[in-house]
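Common to both upcoming complexes is chain A, partnered first by chain B, then by chain C.
Let's look at the complex of A and B:
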């Protein structure tokens, strides 16, 4: 438990909480970006440099922009002033608290977390590339196909519908 | 608290926040944001277990996260396209008001 972990963790949690609780959707998207950047910093701290930079590229760079676009295209940034303290809302928060409590109890009682920390593993980009091109070649091809299909699918779904004549 | 436990608790907290958001917010975009947060919590778990677990040289956790990030990008693109289409149809992104099919 180092100071940097505490700071980054607090920042990430604060960003995520703000993203889920603010009224204005644009503010939510910005807070979400903070949370994603904090996660990228956590990955860097865990010695997974490649994943950290991929997180910045994909989430901070692409997904956050996509969400801002969706917010602006749907013009839903003005939220009604009605109280959100509904019964369903209370139930949702209660379920989340119960899930968090259960997970924490499991983590604290697990023997896996009491092992001493191993030395820093080497995960160079060269190693990752070698693995991607040998052992994980099939998943790589499948994810490429999936991304292409998703891209085309997203464009086709979002195309304006033809008016029925 | 060991470092691994710290990361796991942080990830559990992120998951709970995402779950609470996905369950309570009425805006479809915010529900999607909550799902993204939950996905990210799972990714953090993978990386933490890779870093502090056995056999880190196999890079299994890193590979899982790389593919998971790719999947999440595809999911976000399709999900937001669906939300835009639903908005065009219902003129709202409130998931409570999108209650009718074929209308």
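Let's look at the complex of A and C:
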């Protein structure tokens, strides 16, 4: 574990924790953006340039804006005054800790961990592009079709309805 | 001789780095590069503010600033001192942390974006395979800072300005990226350094992408989208003075306001630098016999030329209306850039010759006229008549 991994990991976890626990919804959305950016930095640290930059472009650039606008347009930014420590919340934390402990114990005792990790293939942006255009052309086309359909659907929903005669 | 002059900054950096022990060299090299980028582009920002005010003044039949220093050239120094000594006012209802972070979240990504733009031969701060992707990724982060500024000020005008800015930036980001994709398709690489290398002059023939049908259309689309992306006139609705005062930075004063100003200009330099890299041959001279002029001189010459164009446009065109802005983005720019992608493909697969010039020219000009006409459909446009008091 290198120092940069520790810093990025801490930042990501801090962002995610803040996103869960802050009172103001817009603050939560902004904290979530920090977590997204931290994830992107982790990808970059693993030499996955394409995934890292795509993560920033899609999540920080688009999804965060979408979340922020959804929060802004659907409800007032008044913070609820209810107490944070509720019965359900305490139970939730307890269950989460137990599940995490169980999973950790299971994974660390499983034989799969003891196998040496296979060498990681170096995937440049060029390789990803070539694969997308040759081997994975069908999934790519299907996703393209799906997105186009979604786009047309959104336009139809947004179009002003013509008054019925 | 000319080669030594061309590489003078690179050799200088290597000489400085060589003084330090080996374990420090990586850090020192990075620091020198970062310091150079910040110093040069901040200096260019100071120069551009005075040029813009002077140029706009001349267009509007005024003199522009001419009191501080010879020809008013020291005006940026006075402005900077004024900005730094001004009181920093934060509204009581504002969200203090977000209000403080917003200008930083704007300035940092725009400077980061400059890192991948090659400003001369061997002079790209970071040369990575996915450089273009990096540029657009950090560019996308600026939208969030605009939102942070508009929301945290707790001001109706600033929130309206932020909404307008984000709607505009998202709409124009699509044609911006799509028109850049044509170049990526033709060069076959996302690396800005390789894109510049593909535009080297060939004897008397400039290799610029601008001089192809798809490159010409792509450049104009890119430039228009870049103007909108950097919120400059005629796309300056987010800060329209007569409508919403100053948009999302209405509640900023002193140096924070100056930071917004700086961020906007650096963003303009970055996107102009990318336009040069993609379409105007980067640091290459137009003709082979002009290659003796240092490469960075070509880059900054082209950059200043583009900035002059932006100032000229700002002084000439009136501001768009919101519906015109959106119609233009989705009904003209987007289809046009999609058609341009097809044009680039056709250009690639037809052999060299007059035929492909004709076909691609028609492929660019045809949709331009059809789409341009459709924008005016259903609008009763007539000549505006003025009546003056007798």
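Everything below uses one rule, namely that the second predicted complex is superposed on the first by the 131 of 165 C-alpha atoms of A that agree within 3 Å, B and C clash if a C-alpha of one lies under 4 Å from a C-alpha of the other, contacts with A are read in each partner's own complex, and residues count from 1 in each chain.
Keep this in mind: a contact is a pair of C-beta atoms (placed from the backbone, for glycine too) under 8 Å apart; a residue touches a chain by one contact, two chains touch by 3 or more.
Just so we're clear, the structure is a prediction, and the values are computed from it rather than from any experiment.
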### Query
A:16 contacts which: chain B (first), chain C (second), both, neither?
first
### Query
chain A residues in contact: does chain B have more, or chain C?
B
### Query
Can A:104 be said to touch chain B (first), chain C (second), both, or neither?
first
### Message
Going by the contact rule set out at the top, does A:114 touch chain B (first), chain C (second), both, or neither?
### Response
first
#### Entry: Touching partner for A:54 - first (chain B), second (chain C), both, neither
both
### Task
Quick one: classify A:34 as touching chain B (first), chain C (second), both or neither.
neither
### Task
Name the contact category of A:62: first (chain B only), second (chain C only), both, or neither.
both
### Query
For chain A, what residues appear in both contact lists, the one with chain B and the one with chain C?
50, 54, 62, 69
### Task
Give every residue of chain A touching chain B within the complex, in rising order.
1-2, 5, 9, 12-13, 16-17, 19-21, 25, 28-29, 32, 35-36, 39, 42-43, 46-48, 50-51, 54-55, 58-59, 62-63, 66-67, 69-71, 73-74, 76, 79, 84, 88-89, 91-93, 95-97, 99-100, 103-104, 107-108, 112-115, 117-118, 121-123, 127-128, 131-132, 136, 139, 143, 146-147, 150-151, 153-155, 157-158, 160-161
### Query
Which residues of chain C touch chain A in their complex?
95, 98, 128-130, 133-134, 136-141, 143-144, 147-148, 151, 166, 170, 173, 189-190
#### Entry: For the chain A and chain C complex, residues of the former touching the latter
24, 26-27, 30, 33, 49-50, 53-54, 56-57, 60-62, 64-65, 68-69, 72, 124-126
### Task
Spell out the residues on chain B that touch chain A in their complex, using ranges where they run on.
1-10, 12-21, 23-27, 29-30, 32-34, 36-37, 40, 43-44, 47-48, 50-54, 56-57, 59, 62-63, 65-67, 69-78, 80-85, 87-88, 92-93
